[in-house]
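The next block holds one structure in the form of structure tokens; read it before the comments.
By written order: A, B, C and D. Residues from 1 in each chain.
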Amino acid sequence: YGKNTIKFLRLKREGKKHFVKEVEVCTHLRLTSAHEYLEGNNAAVIPTDTIKNIVLVLAKKNGIQSIEQFAIDICKHFMTTFCQVAYVKTYIQEVPWQRLQENGVPHIHSFICVPEGIRFCEAEQCKNGPLVVFAGIKDMKLMKTTLSGFEGFHKSEHTTLPERNDRILCGELFCKWSYGECKDFDFDCIWYMNKVRECVIEAFAGPPDCGEYSPSYQKTVNSIQMHILSKVSQVQVIEVMLNNTFYNVLDMKNLGLTNDKEVLIPVEAPYGSCTCTLGRKRFLEA
Amino acid sequence: YGKNTIKFLRLKREGKKHFVKEVEVCTHLRLTSAHEYLEGNNAAVIPTDTIKNIVLVLAKKNGIQSIEQFAIDICKHFMTTFCQVAYVKTYIQEVPWQRLQENGVPHIHSFICVPEGIRFCEAEQCKNGPLVVFAGIKDMKLMKTTLSGFEGFHKSEHTTLPERNDRILCGELFCKWSYGECKDFDFDCIWYMNKVRECVIEAFAGPPDCGEYSPSYQKTVNSIQMHILSKVSQVQVIEVMLNNTFYNVLDMKNLGLTNDKEVLIPVEAPYGSCTCTLGRKRFLEA
Amino acid sequence: YGKNTIKFLRLKREGKKHFVKEVEVCTHLRLTSAHEYLEGNNAAVIPTDTIKNIVLVLAKKNGIQSIEQFAIDICKHFMTTFCQVAYVKTYIQEVPWQRLQENGVPHIHSFICVPEGIRFCEAEQCKNGPLVVFAGIKDMKLMKTTLSGFEGFHKSEHTTLPERNDRILCGELFCKWSYGECKDFDFDCIWYMNKVRECVIEAFAGPPDCGEYSPSYQKTVNSIQMHILSKVSQVQVIEVMLNNTFYNVLDMKNLGLTNDKEVLIPVEAPYGSCTCTLGRKRFLEA
Amino acid sequence: YGKNTIKFLRLKREGKKHFVKEVEVCTHLRLTSAHEYLEGNNAAVIPTDTIKNIVLVLAKKNGIQSIEQFAIDICKHFMTTFCQVAYVKTYIQEVPWQRLQENGVPHIHSFICVPEGIRFCEAEQCKNGPLVVFAGIKDMKLMKTTLSGFEGFHKSEHTTLPERNDRILCGELFCKWSYGECKDFDFDCIWYMNKVRECVIEAFAGPPDCGEYSPSYQKTVNSIQMHILSKVSQVQVIEVMLNNTFYNVLDMKNLGLTNDKEVLIPVEAPYGSCTCTLGRKRFLEA
């Protein structure tokens, strides 16, 4: 049980310059006993209202250096303060506020919401177990208008899809990786120094002057994983999911026109989905 | 990988009387090899477009007797037809069309959408393993305006919640149970003869003339589980999640009024959540 | 300017029996001057926080007999209390809570949310003008699986639609009517005694044993309007909008099957829309 | 009546460099007669399917230079081709694809979706009347963390809001302006040369090094309007709506802490809204 979508803004001021972190926190607990379920005895139950208060107090006291560090703070607090907690998990996602710029000059206290990919993290810990940290990007929508195909696939009596070597590849990415057991990482440093977001984009799009051919969604997913693993040494395991939107080249023959991939109709349902989890030595796929 | 939200309507006619099943199907596969991820070799890949075609062909040929039976048909088809499939999972949810009535007379071909709880199911199978079937209801929003409290809970320095013995209990229910290894069940018969939906409501609300006191969300969740397990012998394990909306009694003192629980404000975020999984002999809680 | 989505629950108790009205209120004002826009002078501005307080105080004091009466109360309060108000408009929609039943016995304090059509209303008044009241139903999704066609329409070089005399008619209805200048109506009485909801359904579906042929969405919209106007004498003008979802009969020839309108695919975008406004003597169309 | 959300992608190639315009088009017509409503006579009705075909054919033939020009093309086509059309209106919004960059180098065929404000337009024409064009930005979410207050407002018995001179101003902007009767404008040139988006931001945020005090939402709305009117000579009338999210400074006294505007809770409902329409000589407010 726990509290979902605890939303708040943490404002930090350095002189006249303001910094904002607006987050949405979900914290869930499992207790060592179950009397509240079986007997309606609430003596061990930490109210979800108290969970909310603790999250807000930690934000006030510690600030939010990075969402990963804040998730660790929350898990540690519950595990060290309450002996009845058997398991704690905290999920945090960040509202994508970006500092406004006017003619290249950053504004001291004004921001715009730019949802081009949402940064999130998770931390979890079992009693007497290690604290494990995950991080990721979700809702990042990318498109390439060529150099994508799908050929040589399995055919059966129910196959009607033609082979194609020049289609649009468009999809929403979900990437989540594990930093393994929590060490003293500077998570924002890892994020920005390793240019994690840029890695994903490079692997998806290929070189800016020529691109790179994708023979399937699966291979593109694998390229993103390989690229992150090779560039960010702290990442242990990475899961990538690509929910693709198919763009159908409209047949305009009955309207007397030849449509040379100029007018395409996005097909939002059904949509294909492909997920793969890749680790450093082993490899798992789902 | 797989295809999500394959939406279609299956229409059945018996003379002038029409029957509709509109569903949303998601089918996912895992293959025995991973050449498509590593080498871009698609030879074993069943395109998601073919997955969609198979689902539609099975609907046309078999009809949809119950969503559970249809999910079983889909899983069996993939497992028996394609030797490269290591795992298959199918999720189906049903659009809640209800036959229209005019002065108590059912209409032969007209329907209304009544989303007071969405029926869904899941079937999954590993190569050489058993076919397991799950079913459930989601998005069912219930409220009781009294006979709910929360007292005697754990207090700490961060506790500000007062003890209450007369609050509103309002929440969205998610119930999912396992029928265990698939046998020759008539799933719609189980559903309607055992009045599964009515069981949930009875356990939530108590007797119509007096209700029943709920000492916590946790206990209400447990009551629903116990009631279903006692009434529906085919259910092996049941998971119930209650996402509750808190109704805050508005303090109107600064407006010169005494609010005796007459005006309440729903607090949609953050919201509490409580989940429990209960089996026939063992018992698990998360 | 004004306050949107003021959400609250008004609970009424008669002995052990409870009655709930949960509503969402939007109230907007226009002032007689504009100094706040031009000069930043707020002296005449009633804060939106005060608007919210007034709505809640009126709910506490008067209760909610019907949403129409409550919208009238709000408008009257602003127009009579504040001389700087040039115009006031209030929109209210009701959360569709229904009393639970167990084996036909109504529960004294438990409810289920059944969103099969949302009841709403609007009241508006200009300074020194009449108070006008509107009411309606929205988000009501209906389907008939036969006795709908579309033939004899205008053809041009861009027409590819075939003529059809047996298609599915499915759409979401929005109905809004005017009661004209506000009189001492018992609005819930009008609603329930005249069976407004049932009128819409009858006009859409036709007789339960045989239905009625619809030659176009436009004609169905007109039938609904005519039926309401003939049954509910208090209605002056009625607007009906039908946003239809097209169901495409899937061509399964390339899969070796003949699809006799058994498997249909809902096409959610683009969707057709048709609106008509009809009064008692005149008639307007948009 | 008409067709809503006609979604498609128009792809343009210049050698290896690709350009994309993905749009959502709604086109509505009113006919000179109403036989289809009254008598079910469809002879004059242009099917919504044909409307969709015409939009797609025009996109294929003309391309989409700017969404405004494309909306004009659509309106002109209907008004000049079909004598039974009394009125035509077209709304278009653009999916915010941005060309990807890798280390500052623009990619030839890869894009990212960046929804930081959606560009839209409208064109409408009555038979024998002028073609009028509107354009705008919607869903643009901005925040300033200081230099916003609300003081000196009207007080009454229901006022509980304190006066504040340092609050957070956060809101979603909707701006829509009229270019008046359609002339031979290069709409994209107006948009980019006049930096319309930048104008809105400057007026909202003030100078980057010091900001500018906002005494009310109303005044900020007016500032945006004045700034656009002064910078973009082609704009005749401008409507700006600001839906503000209130950030509540959390009282942490009962948790033993002093919260100096460090932890704030966004209040999403109810929300205030303020709209103003401003023209060049006259001025209207709603």
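In this text, contacts are C-beta pairs under 8 Å (C-beta built on N, C-alpha and C of every residue); 3 or more make two chains touch, one makes a residue touch a chain.
A quick note: this is a predicted structure, and the numbers were derived from the prediction, not measured.
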From subunit D, the most remote chain by mean C-alpha position: B
Of A-D and B-D, whichever chain pair has more C-beta contact pairs: A-D
Centre distance in Å when subunit C and subunit D are each reduced to the mean of their C-alpha atoms: 26
Inter-chain centre distance, subunit B versus subunit D - centres from mean C-alpha coordinates, in Å: 39
Whole-Å gap between the CA centroids of subunit A and subunit D: 29
Two or more partner chains touched - positions in subunit D: 7, 53, 57, 158, 160, 255, 269
Sites on subunit C touched by subunit B in the complex: 7-12, 16, 18, 20, 22, 53, 56-57, 59-61, 97, 100-102, 105-116, 140-147, 168, 198, 201-202, 204-211, 247, 250, 252, 255, 257, 259, 261-266
Touch list for subunit B against partner subunit D, complex: 157-158, 160, 254-256, 268-269
Subunit B - residues contacting subunit A, complex: 1-7, 28, 30, 34, 36-38, 40-50, 52-54, 57, 81-82, 84, 150-154, 156, 158-161, 215-219, 221-222, 243, 269-276, 283, 285-286
